[in-house]
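Read the structure below first, then the notes.
A, B and C label the chains in the order they appear, each numbered from 1.
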Amino acid sequence: MQGEYNLGDLAVRFGLGLRGEPSLRVSRVATLSTADSGSLSFLANPRYRKQMQSTRATAVLVGPDYAADCPVAALIDPNPYLAYARIAELLHPQPPPETGIHPSAVISAGARVAATAYVGALAVVEDDADIGEGVFVGPGCIVHRGARVGSGSRLISRVTVYPDVRIGRRCILHAGAVVGADGFGFASDAGTWVKVPQVGGVRIGDDVEIGANTTIDRGAIDDTVIEDGVKLDNQIQVGHNVTIGAHSAIAGCVGISGSATLGKRCMIGGAVGIAGHLTIADDVVVTGGSLVLNSIKQAGSYSSGMPTVESRKWRRMVAHLRRLDTKER
Amino acid sequence: MQGEYNLGDLAVRFGLGLRGEPSLRVSRVATLSTADSGSLSFLANPRYRKQMQSTRATAVLVGPDYAADCPVAALIDPNPYLAYARIAELLHPQPPPETGIHPSAVISAGARVAATAYVGALAVVEDDADIGEGVFVGPGCIVHRGARVGSGSRLISRVTVYPDVRIGRRCILHAGAVVGADGFGFASDAGTWVKVPQVGGVRIGDDVEIGANTTIDRGAIDDTVIEDGVKLDNQIQVGHNVTIGAHSAIAGCVGISGSATLGKRCMIGGAVGIAGHLTIADDVVVTGGSLVLNSIKQAGSYSSGMPTVESRKWRRMVAHLRRLDTKER
Amino acid sequence: MQGEYNLGDLAVRFGLGLRGEPSLRVSRVATLSTADSGSLSFLANPRYRKQMQSTRATAVLVGPDYAADCPVAALIDPNPYLAYARIAELLHPQPPPETGIHPSAVISAGARVAATAYVGALAVVEDDADIGEGVFVGPGCIVHRGARVGSGSRLISRVTVYPDVRIGRRCILHAGAVVGADGFGFASDAGTWVKVPQVGGVRIGDDVEIGANTTIDRGAIDDTVIEDGVKLDNQIQVGHNVTIGAHSAIAGCVGISGSATLGKRCMIGGAVGIAGHLTIADDVVVTGGSLVLNSIKQAGSYSSGMPTVESRKWRRMVAHLRRLDTKER
C-alpha cells in the first residue's frame, strides 16, 4: 500500500526547500542507484554523492550544500535523512491496525485485553496480563502473567514477555526478543552454585524499539530499566539491574553486564562489551568492537576495537607486544 | 506470594549469627538503598558499604567484619551472599508446581508425559519424547521426538529441544533457548559446501541452568556434553561436541567453538570467545572479552580483553603497535 | 533409521580406493575412539592420527598418505572428510518427507501451500505466503504474509519469516532464526530518534543454511541478499542491505553491520565483527575474534584477535601499549 504525493505538497508539509517542478509526483522511495521515475531518493552520506549524478529518481532529498549538484528535482533540508524518514513513512504507511483476537490465541480468563488491541494467531496472554489500547500482539507471542504492554505498542511476532514486566507505549519488539528472563545470579557454595532468586522486574519506557532475539533480564531485587526512546538492535544482551538512559542507541550483538548504568543519548557500536557495576556518562560514543571495563565519566568517543591486518603481520604484532613486557622487566 | 519470618527463626534455620532483636520480622528482600521496614538486605560487595550506613532495612545480612558497622539488626555469616540466596528463596517462594496438560497443547500419541508434569498452552511434545515427574513445560515450548526432560526440570517458555536430546533433573531453560540444533559441519567440495550429517546428540546433566536465547548444538558423531551444575547465561553459543565440566559458570554472549573441552568449576566472563579443539583445565577463570585460542593447562586467571580509551588515543596506540613491527624487521 | 552397506559397494558408489575385505559391512559412523564393529570412521585431521592406531572401527576413511597406517580396512580418498559426509548421509538418511498440514496449524485462506509440503503443529502461514513443493515447515514456525519458501526447504522449528522475504530452494533454517526483521535505521532529531521505515526485503538463495537464533534484517530500501550456498552458523547478526557472496561460510556469533558486502567463498571465523559500508573481496579468510573496520581488497587471511595470557601479564601488556603512546609524543 503506497501513497502518491507531489513535491510541492511534500515541501509544504515538511517545511522543505524545493528546487524543481512542484507538480512532479513520487510514490515510493529508492536508493540513488536503483531509483526510477516516480521514486524519491536521498543523499545523506557524502560518499554516495557520485551516485546522485546519474540517478533516475524523480526527486532527491539533499542538504543545502548539495542541492546545486542534483541533476533532478531537489527537496532541500539541513537534515535530509530525517526528512527522508518522515516522507518514507508517508509513502509506505503501516497497514491500518487490526483489532480483535484470533480464534487460535489463548487468552486466560484473568487477562485484560483492550477492545482496540489485536492478539494474533497462537499467541498466549496469561492471567493478570494487561494489553493496552491499540496494542498489536503478533502470532506466537507469549505475554506472561501480570505483564503490561502499554498502548500502541507492537510485539511483531514470537516475542516473550516474562511475568510482571512493564512495557511502555508505542514500543516495537521484534521476533525472538525475550524481556524479563532471570538474571545470572548465583552464590558460590563450596564449588557449586546456588541460584539467587531474581525477584526484580523490567521497566521499559515509551517509544523503545527492541530488536530480534535481544534479551533483557529482570532485576535481582530492583528493576532493570530501559528509559524512553532507547533503540536496541538485534541480539543484544542486557543483564539484570542495568539502566539504559533515554534516547541511547545500541547496535547489534552488544553485551551489557549486570548493574551497569548507561547515560542518556549514548551511542554504542556493534559487538561492544560493557562490564558490570560501572557508570557511563551521558552522550558517550563507544565505537564497534570495544570493551568497556571502567566507568566513563565524560562525554566523548571511546574505543578499543583492534582492526584486522594480514594474519602474518598480526601474529608478529602480538609477539612484539608480548616481548615489550619481557624486555622492560 | 511471600512468607514472613522473624530474625531469630532465620538465624536458627540457616545457622547465622544475630546482632539485634530476634523478634523483628522480615517479609521481603531489598537493596540497601531501597529497603524499608520489613525488608532484609545484604552486604556482599564492600563497595556498597557506605549505603549500609543509611539503610532503612529491618535487618542486613553481613560478613563478620562488617557486623559492627551495621546500623540495624545484622544476620551474620562468612558468606552473606549465599545466606541471602537461601533466605530470598524462602521469602519469595516459587508458586506451587502446576500439573496437567493445557487443552491447547499438542501432545503426540507416542509421547510420555508424567502425571505430575505440566505442559502449558500451545506447547508441542512429539512422539517418543519423555517428560519426567514434576517437569514444567511452559507455553510455546517444543520438545521434539525422542527427547527426554528429567524430573523437576523447568522449560520456562518457548524453549526448543531437538530430537533425542537428554536433559537432566532440576534444570531450568529460559525462553528462546535451543538445544540440539545441527552443528556447523560442512566438507569442502571444489568451492561449495556439502553438509556433514550431525548424528550425535546433546546430554545435559542435573541442575543446569540455560539462559534466554542460548544455543547448544548437537554433536557431529558423539554427543555435546554439559555436566552437572553448569550455569549458562543468555545468548551463549556452544558448538558441537563441546564438553563443559561440572559447576562451570559462563556469562552472556560467550561463543565456544566445536570440540572444545572446558574443565570443572571454570568461570568464563561475558563475550569471551573460545576456539575449537582445545582443552581448558579445571578452575580456570577467563575475564570478559578475552579470546582463548590455545589450550590452558593450569588453573588461574587469563585475559586478553583490551579496555577502552579515548578514540583518538586508541588510534595512536594501534599505529604504535603496527610501527613496532615495521621497526624491528 | 540406518542403512547397512558393504565396503565394496561404498567404494564403487563413491569412487574410493579400498584396502581390505570388500564384503565387510558398516551401518553407522563413529569417531576413531568410540567406534566398534560395524562402524565406519574417518581421519581428516592429522592430530587424531594416533587414535587411528587403536580404533575398533570396521573401516576408516583416510587420505592416501595415511592408508598404510590404518590397522583396519581403509576406504581411500584425497578428501576423506567429503567422502565421509556423503557416506554418513547414506548411512543416516533423513526420515522420508512428511506431507500435509497438522490440524493445529493456522493457515490463512490466502496462503498457498503446495500439496507435497508439510506444515507442522502450531505453525502459522499468513495470507499470500507461498510454501513450495516438498517444503517442511516445522512446529511453531511463522511465515508472515507474502513470504515465499522455495521447494525442498526445511524450517526445522520455531523459525520466523517476516513479510515478503524470499527463501530459495533446499535451504535449512534452524530454530529461533529470524529473517526479515526491521534493520536498525533511525534518523536523529534533536536528541531523539525517528524510525526510518525499512521497506526493503530479504532474498536468500538456494542451498543456504541458517543456524539457530541467527537474525537477518530486511533492507532499508533495497534487499538484503544472501547468495546461493552460503552457510551461516548460530547467533549471527546480519544487518540491513548486507550482501553475502555465494558459498561463503560464517561461524557463530559473527555480527555484520549494515551495507557491508562480502565476497564469494569467504570464511569468517567465530565472533568476528564486520563494520558497515565496506567491501570484502572473494576468498577472504578472517580468523576468529577479529574486527574488520576497513574494506579488504585482496584474497588472503586477516586477523586481529588477541589471544589470552595470564591476567597479570595481560595487564602489564596493556600498560606498555599505553606508555608507548605517551613516550613517543
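By definition in this document, a contact is a pair of C-beta atoms (placed from the backbone, for glycine too) under 8 Å apart; a residue touches a chain by one contact, two chains touch by 3 or more.
From a predicted model like this one, the values you see are computed outputs, not experimental measurements.
Under the stated contact rule, the graph of chain-to-chain touches is complete, every pair of chains being in contact.
Taken over every residue number at the interface, the positions common to subunit B and subunit C amount to under half, indicating a different-residue contact. In this assembly, the C-alpha centroid of subunit B lies 26 Å from the C-alpha centroid of subunit C.
Of all residues in subunit A, those touching 2 or more other chains are 122, 140, 158, 176, 213, 235, 253, 306-307, 309, 321, 324, listed in ascending order.
Listed in rising order, the residues of subunit C touching subunit B in the complex are 28-31, 34, 45, 47, 79, 81-82, 84-86, 88-89, 92, 102, 104, 120-122, 139-140, 156-158, 172, 174-176, 207, 209, 211-213, 229, 231, 233-235, 247, 249, 251-253, 265, 270-271, 288-289, 305-312, 314-315, 318, 321-322, 324-325, 328. Residues 106, 122, 124, 126, 140, 142, 144, 158, 160, 162, 176, 178, 181-182, 184-189, 191-197, 199, 213, 215, 217, 221-222, 235, 237, 239, 253, 255, 257, 273, 275, 277, 285-287, 290-294, 296, 300-304, 306-307, 309, 313, 316-317, 320-321, 324 of subunit B are the ones touching subunit C in the complex.
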